[in-house]
């Protein structure tokens, strides 16, 4: 099968040397750590202020361990991005989930149908809440919080679950609107013993 | 009709004196300018990092005049927030839209059914695109961009339209999940000649 | 913002002098009482038999105080018309609701998301039932009536709630199909102390 | 198969002798003409004002031949009632459609999927418009009227098509909410040569 | 009303004499038994391997009496085919249901809205499960099986209910895609005393 | 992350030695060829007649090269199974697609959002048709066939595309209803150079 050439976004992708210093620094740091630059960094770089706010928000929600583990945070991303049909987010965060959960199966399971995934009932309750925020937030109410509490999630955890679902409601829409392409590197990450 | 007492959010609202300096300064500046503090500032204050990123992102998208006018940016907020049934965003940004458009009718029209609003065909094309990003972004494609171009919107405008719809996809979900209440002040703003 | 000229309906609007006597009398009486003629009267006048049946039906459902208050009847109209994206009904009946409830906030709250409105649990149960009739009547069953009873609504009240939702299912479709425009007068009614 | 006993409505059905004179007269006239009393007459009789308005409206829309034939009017009822899953309306108006169209097949075809029915392209355009009014009236616009015109339907016909769909949006919701049962007599009407 | 000439499928219908021996034999046997050849046999005959697998699967699910009666199996077909708007399946299996249930009303009732049909609560639970498999199988879970058990359905029955709904999910799509036309003979079958 | 123990189906899985000879032979042949037994074979084995019909149907549609390549047939399975949230089918047929297309990326792309996948416009037209059969077959009509023809697909190809979508509408529902678990082996198949 021949693959048509595709770009990483339908919007402009500036050259690194033309970027503001702080963006270039961040991008080079990611490349140093990961071995490649995830396309989302390049796709947002044409808008430096939005780039800065996006990643500041992302890090505030995803780079914490309190309450939810980092793997659980990624689970929320993968489940809601699957529901929103966001190719970039499912493929990229699927890789991160496999690595953080040290589990080569869970990302594909959660992306397709989290109800059938090998996760705990407590994690299913977390994803039920996240999916309701992602898909019908106007109906979220006391009963939904009560179920979280029954599974041992605190009010602060509830905020995290919902806020991550809300942030990726935005991110999924940006990636779909701009046709942001997942890097080839993501597909295999965390699938082999050495990665997990 | 008696009105049950309600709080402005189901999550904690810190006292001003306990907030980090930069949040307190921002909130006092808004109060100075508007005469009251919109509840979204208080509802996000319990998470300072998220507060900072949220408003940095908001300002990057909404405080510009290039391409879209500020009134048109608010139109996108009101139309998509109506579709997402977000009471805070429809009431608060409805007020801002009335003021920025100097028009006491357009906000209610756009919130309920923008297809019937007194706006131009070019603005309807803008809202068609915004609504597609808000409600079925997975289906956005070349044909949608072509329609924008036919109405004189540039690629940079298209990004703005979609990015505003995406940002409020997040904001609507946060406000619905946390039951953030619109301030009473918003309801009448921009409805009387002196306000417009 | 310049406003394009728009007509009050895409269908013919007869002159008053060409109307049957009973229609003209009714319209003049409304004008006398309200100070203006709500556009729905003019938009239906080209079909005198339908006009007569429409307002006879409307009055039979809305001009009663037994069981539901008049304000509660208007709440049902505003909530279901919001769900059906009917601009005329939300704006016109929003005004009536503000006046009848002596509350300048409740109409906008109910139009956008009644689950977050400052109304009683009993009124939320009323609107839950009305919305189910409006949006998925085929699924209404014994369990829905049981919830109404738990909140103190009688079987006769249940009929009223459902019949109002059903009548405005018709009215919303007529107004959307004919692009019936709300009068400018409605937008401010009931928002200022003297009106409430 | 044993059939559980069921009533014709979950709401009260008054005895004929307790009804206002005009309702009793109307009901007896129908019985005289049809050989039985369609249950909708009995199910609405507990609310005489609503009964009168309902049938006045019904007759204004359905008892005409101008533009649409009576059979075409019934087609609209059957197609939209099928979409709304209204058992009473599909069964009762299916019978009337078979009789008026002198065709024993068309009612079942239209009730299930009018796109596959043995009707003309002009009738399909009529039903496309009716279904849009029934299911997504908020999106009806100029393009929909243009298609009707291409098929030779006038603006007055467009009103009839939409108004019938709107009236049965109400009727379907009443029948589903009240569980109004179709009379056994309807099922076979118009299916045998002598009936057609 | 004149009926446009229509073919029984938009795909090729081979002549009987050109069919493989086993297909011809099966078709002639059906004709012998029923007095006509249901169009589904002719519409699938251009693909002999698919024809064989289709009817083998059909018979494995439908020609049993254990657990579910044959009439109950047909109820599942009619209810789910109504939801899928499949004209062929509703009309053809509606006839079979009338005959097997010896009831001239139940098929039309179940096709339009099984919740209002004259069937037992146990049969409604069966159809609730079947409809969930037909329309949102991704959400089927333990709670659904528990309800079946409460109504006395075994695990083997649950498989039958779901497998019939799944098989007709396929069949409905084939018939709609190919515009397979129901034979005229089906419409009256089982409606008259001699048939029931 | 600890993984809860899960079975391969919620329905009985017979031991190989208790199976009819032809089922056992088929299963052993698959094991010989693939190195493991895909769980679908074990999950259907408790119903030998359904097992035989299922795989006969499957092979009639999937084991051909005429018109559609085998990789294209698998693309249809993966795209529609993603839309139906069927974990077994996405994971198992994703592996087969990677192998048949000799492409480690295409399966994940097509499963999440085929509109953004690296496939040809002709293949996108194929998937547009397949998705319409999978999700709204009642609306398939002449215009859909015309688009296929414009992309060089014959009527026989159209049947294959639709029939594969229809068959997996069944298969997805069976797998979701029975919670059939994908084998661990599938996740990595076709992702490494040696497999492709």
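Going by the order they are written in, the chains are A, B, C, D, E and F; count residues from 1 in each one.
We take it that contacts are C-beta pairs under 8 Å (C-beta built on N, C-alpha and C of every residue); 3 or more make two chains touch, one makes a residue touch a chain.
What you see is a predicted model; the values in this text were computed from it and never measured.
When the partners of chain C are compared with those of chain F, the chains appearing in both lists are A, B, D, E.
Taking each chain's centre as the average of its CA atoms, chain D and chain E sit 27 Å apart. Chain D and chain F have Cα centroids lying 44 Å from one another. Annotation for chain D: residues 85-86, 113, 138, 176 touch two or more other chains.
Every pair of chains meeting the contact definition is listed here: A-B, A-C, A-E, A-F, B-C, B-D, B-F, C-D, C-E, D-E, D-F, E-F. Note for the complex: chain A touches chain F at residues 1, 3-4, 6, 71, 82, 85-87, 90-91, 94, 101-106, 108-109, 111-113, 116-120, 176, 179, 181, 184, 187-188, 191-192. Interface residues of chain E facing chain A in the complex, by the touch rule stated above, are 138-139, 141. Residues 10-11, 47, 49-50, 52-54, 56-57, 59-61, 84-86, 133-134, 137-138, 140, 145, 155, 159, 162-163, 165-167, 169-174, 176-178 of chain D are the ones that touch chain C when the two sit in their complex.
Residues 113, 115 of chain E are the ones touching chain C in the complex.
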